[in-house]
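Below, chain A partners chain B and then partners chain C, in two separate complexes.
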Partner chain A sequence: MRIAVCVKPVPDLASAYVSKSRSELVEQGKRVPNPADENALQMALDLRNGGEVVAFMVGGEEAQEALRPILAMGADRAYLVTDPLAQEGDALADAKVLAAAIRRAGDFDLVLCGARSVVHGMGQVGPRLAEALGLPQAARVTAASVTGGQVQVERAGSLGPATIALPALLTVEPGANTPQLPNAIAVMKAARKPLESPSLEELGVSSDESGLAGAGARLRLTQVP
Partner chain B sequence: MDFTFSEEHEMLRDMTRKFVEKEVKPLARRIDDEHAIPPELIDKMREQGFFGIPFPEELGGVGAGETGYCVVLEEFGRGSASLVVLLAAHTSIGAMALYLDGSEELKKKYLPAVCSGEKIAAFALTEQGAGSDAAALATTAVPDGDDYILNGSKLYISNGDIADVFSVFAVTDKALGARGGITAFLVTSDMPGFSRGPKEKKMGIRGAGTCELFFKDVRVPKANVIGQVGMGFVTAMKTLDCGRLSLGAACVGAAKELIDLSINHASQRIQFGEPLIKKQAIQWMLAEMAAETFAAESMVYRAAWMYDTGQKISRESAIVKLVASEMLDRVVDKAVQIHGGIGYMADYPVEMFYRDSRINRIFEGTNEVQRMVIAADLAKKGRY
Partner chain C sequence: MTDEMSAAELLAAYGVAVEEESGDEPRGVLVVLEGGPEGVNPLCWSALGAGRDVADAFGTRVEALILGAGEEVGYQAIWRGADAVVLPPAATSFDAQRWAEIVAQAAGERRPEAILMAGTDASREVAPRAAQRLDTGLVMGVQEVRPEPEERVVIGIVPMYGGGLLGEYGFPVRRPQFFCLAEKAGREPSEDGSREGETIWLNA
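Take a look at the complex of A and B:
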């Protein structure tokens, strides 16, 4: 099984806080992997059966600090799209960039995403990415097993079980499993694992469909209730 | 100048902090009450690779250097001083003597199992008549064919209850004393004639096993001599130079935890109609705690960086040990004061930190010995 896992860099909520006067999230400290994406990675590690697990991320140079822990946990290598024109996109634009990066990295049996992020929590990147890659998908997966070219999934809420053909995309529900802490040796080795940063040009994505320019939605105002 | 930790060290800190939160803090009081570390917790620490942090990968270690090791011990210092002692007695003195001065063969034979934690290490220098005066050893080692025959006893040995591998210091030439008369040996617990006394009952660090060791005609192969015959005192001093840094790091971790606990308590406890933290008396204590912790933290990592870049740190490590241990005693005293009654109660962690703190001014060389080391270096150099 060759598995792609998409990871979003998010503020460490243990040290970030919401400023009521400015109605915004004030970040302190570093960026971390989105928790549900860690669940997706853990599911990939449980399913890989000796196969390769490759992580994908869109973010600035500083996002590396949220990607290295994913390599420490067990991903074999990673793609981080740091191209300035790919930044500040929404789910639509990010899904296009991720799809291009995944295609460039070869064929995958499974693509896993966290079901939603702790930032906006819209849960759209996974489904949009499935559309962009032309894959069948199952959302809010809590458990998965693979037999004979198919993946059987349990899903959160009232969605119930499903069986879909591989290759497929799953979005993994937060808390679906317990991500294993990497050991100290894996931590040290993570810094030496391959990490590529392809440009948008290399990915064949035009600048008007990525980043802020490619976003379908505009955030006008946030307010603290 | 650059004070940033490497990506690896940041990740090591993050991993260790999560481990301490999840696996250590919930058990810290039980470890103290039962005077023992649960074997299943030691197993989990093995799985995480905590027993070989500073040693190179080719010897089975993690390769995180002294800085990485200080980061790990700082985070353990937030959770349980008993576990700090387990790790430090094993790594920074027990295994470090072997790593610094052992022959390649001896290192290859023992360090991989020590780094994986399969074998626990300890450092056996102190004796009944040789504490601060470490050169006044009475344990003897007499050559006999391919072996040395060890006789004597060692006192207050951390990890003495469970260790498999010991760096033992014995007299090989009484006339030469510290200058050429003391030799370091690697002794294993399965050597005939080796035995352990009962675990000591202690004020703090109660989970860490401290006991007496006995050597009765213990036959140690000459291949197990650590470094050169007669150079054991130098090995001991070099090893302790390094160990003192991680002791300082653990003190910094404990101090940060106490500050966090104190801020939390002072923010929630209402007296005279407002949280305690609004009172200047409390604010000043917190400010002093933070200032002292920052000072100790700064010197711990500067000294660790010096060590990792190959600089000599005898004076600096003595300063770190002296300052960090005395800092923690003052910080923990203020933490108890801020907490008031609940700080004195055994169902709250501050009381345990208070008892655990005190040993840091005594072991790995008393603070009086640290002052001697610092003053001797000043006198030798004739300047700062």
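Take a look at the complex of A and C:
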């Protein structure tokens, strides 16, 4: 099994707070992997059966802070798109960039994403990425097993279990499993794992389709409820 | 030149090219309803209520696309505020890829300026796929939609960081403006059995 895992760098909410006077989140710590994406990675590690797990991320230079724990947890290598023109995109733009990066990395049996991020919680990137890659999908997966070219999934919500032909994309529900924390040796080895940072040009994505320029919906204003 | 000159005539007099309205700008609101053997999923009615409010503010009409059921449930949408029901050539049970294709096809043929879906488990899978096909944005988990008729834009209000902040999202350029409502967001419209509307079939 060759598995792609998409990871979003997010603020560490444990050390962030909402400023009522500024109506914004004030970040005090480093960027961390989105928690549901860690569940997706753990599911990939459980399913890979000796195969390769490759992590994909779109983010600025500071996103490397969020990628290191993913490599330490067990991803074999990673693609980090730090191109400035790819930053501040919405799910529409990010799905295009991630799809291009995944295509560049070759064929995968499964693509896994967290079901939603702690920032907006919309859960769009996974299904959008499935559409961009032309893959069938199952969302909010709580458990998965692979047999005979198919993946059997349990899902949160009302849609129930499903069996889907591979290759496929799954979005993994937060708390679906317990991500295994890496030990000190794994953390040191992570620094030597391959990390590729392709430019948008190398990915074949135009600047007006990515980042802020490629966004469909934009946040105009934040306010304290 | 006289005071009676229109703005277009005035611009033409100064040699400024005036682009005439093409008449094919997106118009109307498309609300996506999920049907089944027992009729329309009741969770979808609040999306129809919100769609009706947006359409009234814009002075346009609401078309209800029905997925997963056929003509037999169309009257329910008309009675609750749709001006027309839009039906695919054949009803299909839930399949995220197929339903996303139908939503995108309906948007392509009907050219709405806004699309609304209810926040069901099915729509959370279908709406992002459809939005990607349409190359447009999508705002999900919307607590409130607020039409701004002068600009013909719709603003979606969404909780962020677990509800610590509220975000206002808009669509500066891309169309259609696509929203997926949070459960129980929007007004549930009452039934009016005297309302009538048309049925529109999508191309096979």
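Here is the rule we go by: the second predicted complex is superposed on the first by the 225 of 225 C-alpha atoms of A that agree within 3 Å, B and C clash if a C-alpha of one lies under 4 Å from a C-alpha of the other, contacts with A are read in each partner's own complex, and residues count from 1 in each chain.
The definition used in the following text is that contacts are C-beta pairs under 8 Å (C-beta built on N, C-alpha and C of every residue); 3 or more make two chains touch, one makes a residue touch a chain.
Quantities reported herein were computed from a predicted structural model and do not represent experimental measurements.
Visitor: Clash or fit: what happens to chain B and chain C when chain A is overlaid?
Guide: Result for chain B and chain C: fit.
Visitor: Which partner does A:147 reach: the first (chain B), the second (chain C), both, or neither?
Guide: neither
Visitor: Of the two partner chains, chain B (first) and chain C (second), which one does A:24 touch, if any: first, second, both, or neither?
Guide: Touch status of A:24: second partner only.
Visitor: Mind working out whether A:190 is in touch with chain B, chain C, both or neither, as first, second, both or neither?
Guide: A:190 contacts chain B only, not chain C.
Visitor: What's your read, chain B or chain C touching more residues of chain A?
Guide: C
Visitor: If you stack the two complexes on chain A, which partner ends up touching A:217: first (chain B), second (chain C), both, or neither?
Guide: second
Visitor: Quick one: is A:159 in contact with chain B, with chain C, with both, or with neither? Answer first, second, both or neither.
Guide: second
Visitor: Looking at the overlay, what does A:49 touch: chain B (first), chain C (second), both, or neither?
Guide: neither
Visitor: Chain B and chain C, closest CA-CA distance after overlay, in Å?
Guide: Nearest C-alpha pair, chain B versus chain C: 21 Å apart.
Visitor: Show me the residue ranges of chain A that touch chain B in the complex, using the header's touch definition.
Guide: Residues of chain A touching chain B: 30, 64-65, 68-69, 72, 181-188, 190-191.
Visitor: Where on chain B does chain A make contact in their complex?
Guide: Contacts found on chain B: 6-8, 10-12, 14-15, 18-19, 47-50, 52-53, 57, 62-64, 68, 72.
Visitor: If we count contacts the way the header does, which residues on chain A are in touch with chain C in the complex?
Guide: Where chain A meets chain C, its residues are 13, 16, 18, 23-25, 90-92, 95, 118-128, 130-132, 136-137, 139-140, 157-159, 215-225.
Visitor: Under the definition above, what is the set of chain C residues touching chain A in their complex?
Guide: Per the stated touch rule, the residues are 94, 96-97, 100, 120-122, 124-129, 131-133, 135-141, 155-156, 158-172, 174, 177-178.
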